Structures are given as C-alpha cells and as structure tokens.
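By written order: A, B, C and D. Residues from 1 in each chain.
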Amino acid sequence: MFNEETRLAAPIRWGLVGGGRGSEIGHSHRAAAVRDHLFTFVAGAMDLSAARCKDFGKSLGLDEDRCYPDYATMFAKEAQRDDGIQAVSIATPNSTHFEIAKAALENGLHVICEKPVTIHVHEAETLKAIAKQHNRFFAVMYGYSGYPMIHQAREMVQRGDIGEVRIVNMQFAHGFHSAEVEKFSDGAKWRMSPEVSGPSFIIGDCGTHPFYLASLITGLQVSSLLCSKQSFIESRSPLEDNANILFKFEGGAVGTLWQVR
Amino acid sequence: MFNEETRLAAPIRWGLVGGGRGSEIGHSHRAAAVRDHLFTFVAGAMDLSAARCKDFGKSLGLDEDRCYPDYATMFAKEAQRDDGIQAVSIATPNSTHFEIAKAALENGLHVICEKPVTIHVHEAETLKAIAKQHNRFFAVMYGYSGYPMIHQAREMVQRGDIGEVRIVNMQFAHGFHSAEVEKFSDGAKWRMSPEVSGPSFIIGDCGTHPFYLASLITGLQVSSLLCSKQSFIESRSPLEDNANILFKFEGGAVGTLWQVR
Amino acid sequence: MFNEETRLAAPIRWGLVGGGRGSEIGHSHRAAAVRDHLFTFVAGAMDLSAARCKDFGKSLGLDEDRCYPDYATMFAKEAQRDDGIQAVSIATPNSTHFEIAKAALENGLHVICEKPVTIHVHEAETLKAIAKQHNRFFAVMYGYSGYPMIHQAREMVQRGDIGEVRIVNMQFAHGFHSAEVEKFSDGAKWRMSPEVSGPSFIIGDCGTHPFYLASLITGLQVSSLLCSKQSFIESRSPLEDNANILFKFEGGAVGTLWQVR
Amino acid sequence: MFNEETRLAAPIRWGLVGGGRGSEIGHSHRAAAVRDHLFTFVAGAMDLSAARCKDFGKSLGLDEDRCYPDYATMFAKEAQRDDGIQAVSIATPNSTHFEIAKAALENGLHVICEKPVTIHVHEAETLKAIAKQHNRFFAVMYGYSGYPMIHQAREMVQRGDIGEVRIVNMQFAHGFHSAEVEKFSDGAKWRMSPEVSGPSFIIGDCGTHPFYLASLITGLQVSSLLCSKQSFIESRSPLEDNANILFKFEGGAVGTLWQVR
C-alpha cells in the first residue's frame, strides 16, 4: 500500500472524463484521488454539456479554462501545457470507454478506466497493446480491491491458511434497481440502454467486481463458464438484471457468481 | 403446530428401523419423537446385528422382546400385539428406504421416512399410492422444517411481506467431509457407496433439505434445472461431494442451490 | 408510511439551517426531503459565511435572494412572503439547536431538528411547550427510524411474536474516528469541542439513535442507567469516544448500549 | 497443536469423574479425549449410583471392575494398579470440583477440571499450589479454546494486525433456559441450586468461557469490573440467568461481557 517510499516528489496531475454532477461514481474518483495527496485534480471534461462542466468544475475548484467541453479538447489542450495532466480517469458510460481510453493512451496519458473496461475483448487487447507501446499504465477501476479485508484474504490464501482452494462463491447483490427506477434516474437510464451500456447490464455493472476480486484473492483463472440471465423488469430485455454464472477454474476449482441489482 | 386440540388420548406407539448405536441421525428421531409426549418409543429393529440391537434397545428402555433382528420380523410380530406399533420411522441407508417403507405401509403402519425418500421417482410414486390405498400417512423427515424461523419465513411470503418472489437462493454447506473421513467413519462410508447411497451423495444427503424448504416457504414448484457436480475427493467418484444447481420455477422465479460437505 | 391519503395538495415549502457544503448530514436532509415530493426546498441559511451559502444554495437551485446569511434573517424575511417556508430543518452543531429551534417555532414554523436535540433536558421541555403553544410539529431527526426493518421489528414486538421483551441490546459502532481525524476534518473538529458539541461526543452523536429506536421498537421506557465512558484519543477528553451504558427499563427489562466512533 | 513430536509412546490412561448418562458434557470429554489417540479411557466414577455407573461404563467399553462407585474409591484402587489412570477429568457439579480435584492431585493424578473451577478464589489458589508441589498439570476445561478461529484471532492480535486492543466485547448468549426448564431437566436443576452450583448460575456456567478466551486472545488482564445481574425466572433468585459485566483492563482497554441462557 501507500508508504513513504511510494510518495512522490509532486502529486500526479490528474484529469477526469465523465463523472459530472449527478454521476453515481464521479465523486468516488475525485475523493479517492486526492485523499492521500498522490494526485491533484486539475482538469475535467465531465459533462456532455460544456456549460454544465464549467459550472460544476469551478464549484470543485478547477480553473475555468481547464473545464473542457469534451475529452478530445482536453487531451489536446493539456498536452500543450507544461503543467498538463499526466493521468486521466474515465468515468463515462461503458460503450465510450474504448475510444476515450485509446485517445488518452495515444496522447501519452496514464489511464484509469471504469469497468466494464470495453464491450469487446479485442478492444481490451488493443488497449493493452497501445499502453505497452506507449509505456503507460492502463488500470481498471476495481475499487473494492482497495479494502484491507481483500488483501487480508489474499494473504491468507497465499500463505496457505485455508489450504487448496476448491470453491469460489461470489455475490454482488443489491436491490436498488429492483423496480423500474430508470424511469426517474438518469444514472439508471443509460445502464438499461444496449447502445450505451453494451450487451449486459448487471454482469458488466456489478459482476465484473467480484470476478476480478476472485482472481486477485485466489490467483485462479477461469477455464469455462455457463451463465443464466433474467430480465425481471421486462422492459430491460435483452439486458439482464439478474444472473447466475457457474465457473470452472484451471486446476479443478469451481465457482459461482450471483449478481442482481 | 402442536396444541391442545391435537393432543391425543394416548401417545402413538412408535418403532424405529435403523438409527442404532453410532448412527448419525437415530438419536434425533428418538429425542424428537418423545419430546412432546405425542409418541412413545416401544419397538426397534435398529441394527444389522440382532445382538447389538438388543443391547442398545435395552439401554434405551425397550423391552427385550421388542428389540427385533430385522424390520420384517418387527412388522409381523408387532401386528400380532394389541399394543403393537402404529407408526414407524425409517432411518436406514438410502437404498433400503423403498422396500422397508413399502412393507411398513402394507402392514398398516404410518411411516416417517428419512431423506432422500427413494432412489427412483417411480418408487416414491408407488409409496404415495400405497399410502393412499391403505389410508396411512407417509411422511418424509425434513427435520429443519420444524424450526420457527422457517414458519416465520413462510408466513412472511404468504402475507406478501416481501412481494413477489423472484429469486430463491439455497445453501447447505458444511465441511466435515472435506477430507476422506469415510476411511475412519462407518456413517460416512455407506454414504460414499453407490449401492447403498444411490446415485448421489451430497444432493441426496444434504440438498434435499433446502430444496424442500424452498417449496415450503415460497410455494413455488421447479420447472427445470441444471446441475454441475464435482468429486473433490476423487475416490468418491461417481458420487459428488459438491454441487451447484440452477433452477427455473413455474411463474418465472429462478434459484440456485449449493451443497457441499 | 406515505400513501395517497397523505399526499398533499402542494408540497410543504421547506428551508434548511446548516448543512452547507462539506456538511456530513446536509445532503441527507435535502435528498430525503424532496424524494417523495412532499417537500420542496426553497430557502437556506446553510453556512456561517453568507457568500458560501449563496454560492452553494444557487448550485442547488435556490433563488439567490432566498440564500440567507443567518437563520434569523431567513425566518424574518420568509415570514413576509406569501410563499414563505412552512417548515425548517436544523442541521447545525449541537449547542445551537435550542436557540434556532425556539426561534423557528416562535416564527410559526414546523421544525425538524438534528439530534442530540438540546444540551439540557429543560431546553427540550421548553421547545416541547412552545411547539404545543404554537400548534406546530417539533420533530427530531432519527433518520434510521425510516428503515422498513425497524418497522417490521416494531410490528413483531407489538404482535407478540417474540413474547415479553426482557433484554434490549443496542450498538452504534463504527471506526472512522478511531484516529485523531479532527486534525484534518472540520466536520470532526466541532464534534470534539465541548462548547459546540456539548458535554458528550459519542453518546450525543451516535448513541441517541439506537436509544430512540429501542423505545420505538419495544415501547419500553428507561427507569435508570449507568454509564462508563472513555476517551481513547486523549486530546478529546473530557468528551468520550467510547461508551457503554447499562439500562433498566420500567417493567423489569434490562439493556445495554455500546457506542464508539 | 498436536504433531508428531507431541505424540506419546503410549496414550495417557485416563479416567472420568461425573459425566454419566444424561450429563450435558460427559460425552464431550470422552469424545475429545480419544479423538487423537493421546488418551485412552479406562476408568470412571461417573454417577452417584454405583449400579448406573457400572451399566453405563460397560456400555462405553470399560472393564466392569474399573466402573467405580465414587471418586475416592477410583483414586485409591487405580493407584494400586500398574496400569492405573494417570489423568482424570472432573465433570461434576460446580461445588464438588475443589474436593475432587484436591484428592486427585494428592493421588498424583494430572487433572482436567470443568469450569467454573472452584467456588472461592482461595480454593483455586490452593489447587494451584498443590499441583505445583506434586508436579502435576491442573487444567481447566475451556473447550472453546480449541477452535482454530480462536488461535487465528490470537495470532492476529499478537502479530499486530489489528493494532492496539482498546475494546473487548464478549457474549455467550443462548436461549434454552429462557423458560423454567429445570422443572423437567435434571441437568438444568442442579445449575439453579446454590448449594450445588455455587453463588452464580450464568456467569459461572457460561461467562467463564468468553472471559478466558478474551485473555487468551488479547493477553490483557482485568483490573476492575462492575456487574449487573437479573433472574428473569424469579424462582432462580438469587442465582442470575442474565448478566452484563463492564471491564477495565490493565493498560487502558475496556470491555463488556453479556451472558444469558
């Protein structure tokens, strides 16, 4: 974790794409980035509306001229500054992650991208290749991995405290989308739209978290899986709001993942 | 539940097949039967060894001549007594349930049978038909259904407290067969033997309990299922010691069942 | 709870004292008030700084001229409007509740006041008398009482599901003040200052919640109590950051309350 | 824990005082003693009735002539045998522990004694002195200390995983004596009798367990305490069936213990 050796001479200059006023996750990015003074928040393209971005950015303490109307402008303008951003977080709807992340990496920025990372596997592989080519970090925002309990679990597994791992059961279940809240909530609405959210609602939005944590904790890799999906709110179809996945891991362990929202 | 109106003029005269010394479940049958004075324990064919049955039965307070060498003898002899047993519990290994239960019903006894009730569905249907023909109860020993919490849950569902049931997740997971304990334990050994246990270990031995409770609580009936089974202790194969089942219920609910031992 | 019969012809015009930018609880008041459209947020005196109140109030959609420099001005000006506020929430530090609530009631406003309601018992009794005299509601913000689980628990007790209540154990334990966070957090700093927070930190700040819920759920009234307090962070002394209270209730029940932060 | 180095050339020859048929705890002593083959069960004075002891002892596989009518006879006779017992467990009602343990130690036996160890502190100190003088173990049966979770907790505290221990909350709460079960149960009856049970019911019977575990896990010693006791079943008075204790530990930590049965 963070310690004196990892403390930087100066904090990383950091910008944010998406995560504007009313966003479910924008506050988490901003609060977490500045908490330990490793990052400083200096620029943002946080809203589809340039005016709203400016208004909100100023209320957060950004300079007015570093509140940008869109990410392309932000990347271009910041690249011209001596004190331009070095890293960017992408907290936009799922289907836009690829093009924004690609542009950020090609502009020499380190990238912290929201999950689900991309819609297609080949897109993720492309980003990985570009990051390597430009020698930049490409990180995905699995925020739960920061909890001490996760690291304790991982250490216990690695130290052999629980013996060989045979069974990995995962859950990410909550209920605040159990009714058709997308009628009232913009944050819910885009998640139910295949063009914006991609081919999955709950698996991409929630399931990606425990799926990552399972590998982090156990070190196991999935070899095959089977998925059962439902749309309890029918208007969400073909996007699922409940799913159960059965896994086989390399080496013989098995697992399950239940996600619902 | 039990109340004054259900109190009987005299307790039911009750016998036990199986459940001898060292049995995992025999004590539960005996202790539960006499707890509220609705049953009185008067006869037993509790062991493959007639001598051990007699020794154990006497230590439990049975008359020596009502400690029988086998169930057939018990049913025949008791039928000749004015004070013969009226009901019998069957706590033997799985594969013997059918023939013993059939004999008991045909001898005019009410039957309380351990789970899993039979190996084949048609056997269970046969028992149901015989019980109806002879006007006798045929009950299966889903002991957990007696817990007040289960009845509270059922009432809550029926009263509509939790709305429409969409998801039914069940678990019966414990760990005391996680190592090859059947090397040391007779009670474990027969459970791992297909000829005695039938075609399943953990689903029959454990999974039947939450499966029954799910229907009891929700009133829902399964329409289709998919099962993934493992034998983590390889010598148990083809009997499984871990299983995950995905369910679809009539009406659209879905569910899961994880069982491991 | 809310239903068609309780829906009002028009939402209650509502103002907020305290709860400005950076407040721990202000957002909860605003979000909860407007959630079911029973209130409309129209005025605020939310900050010791008039400029910050105006800036923040405007960002929340208030009219500039209804962002007031202090509560006295707000009560006076709003009283002159045909569409002036009808109710006010008080979300200021503890020691100011009494004078603000008194002024609000005397200005004819219904009051929703943060806990702990006042520093002294006689102050609370004075507020109760004034509210009665002016025929106004005086409510205290025990927000947890809104959870369905609390109401379910209350119904279960009242219906007799759990029999006579003998034991009432309460906890409000969390850890985010376990280190000396008041060095960095304004929201924590005033809580550790006896002049602002009153003679208690954790009992007033946390313990009041479960204490209220216990009476709400069980209907029992405390007849005597004993308290053990500690200041694990020594600089907080004489304010406690851990406390255990033993209670006797009228009728013979006993209870405990542990609170830590 | 047990390993090859601690394995003995031959198991310890072990006897049991108390713990006869119907005892709540006798089976635990016998099952635990023989589980890892470090002890062999060879003698018993398990019942106030010599005949019942003989009948029960034989059913457990003891030689008839090593089923003794009382502990004094057992200690005397066994001392004359080349293969006499080396250790004894005492599973009798509380008030008899002292005299039996004293006699056992003076007969050169290692002793495993049920809790609460004695009625008076000076009795425990006497036993400690005698054990030292005779170079014998005197162990108290805090059986929960064998759970791996307890050892994991202790290691975590010792390794500093949770930092300095400030708060130690303990509970031993169950409900199967919440009604006046002593009317029906011999095992419950003696526990409610001050002459047999001593001056405490629930603190001695249950509270001693978590109290010991707290010291085992944290290494902390109590410096002062305050206790609130109740007899919810009035006929138990002056013995308590509910108690809450507040502790101060040396070094500044505080704690609580709730016990109810």
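As a convention for this text, contacts are C-beta pairs under 8 Å (C-beta built on N, C-alpha and C of every residue); 3 or more make two chains touch, one makes a residue touch a chain.
Computed from a prediction, not measured in an experiment: that's the story for all the values here.
Engineer: Which other chains touch chain C while also touching chain D?
Structural biologist: Correct list: empty, since no chain touches both.
Engineer: Farthest from chain A in C-alpha centre terms, which chain would that be?
Structural biologist: Result for the farthest chain: D.
Engineer: Approximately how many whole Å separate the CA-defined centres of chain B and chain C?
Structural biologist: The answer is 55 Å.
Engineer: So how far apart, in whole Å, are chain B and chain D when each is placed at the average of its C-alpha atoms?
Structural biologist: The separation of the two C-alpha centroids amounts to 36 Å.
Engineer: Note the residues in chain B that touch 2 or more other chains, in rising order.
Structural biologist: Within chain B, no residue touches at least two other chains.
Engineer: Per the contact definition, I'd like the list of chain A residues that touch chain B in the complex.
Structural biologist: Residue positions touching the partner: 166-167, 169, 226, 228, 230, 232, 242, 244, 246, 252, 254, 256, 258, 260.
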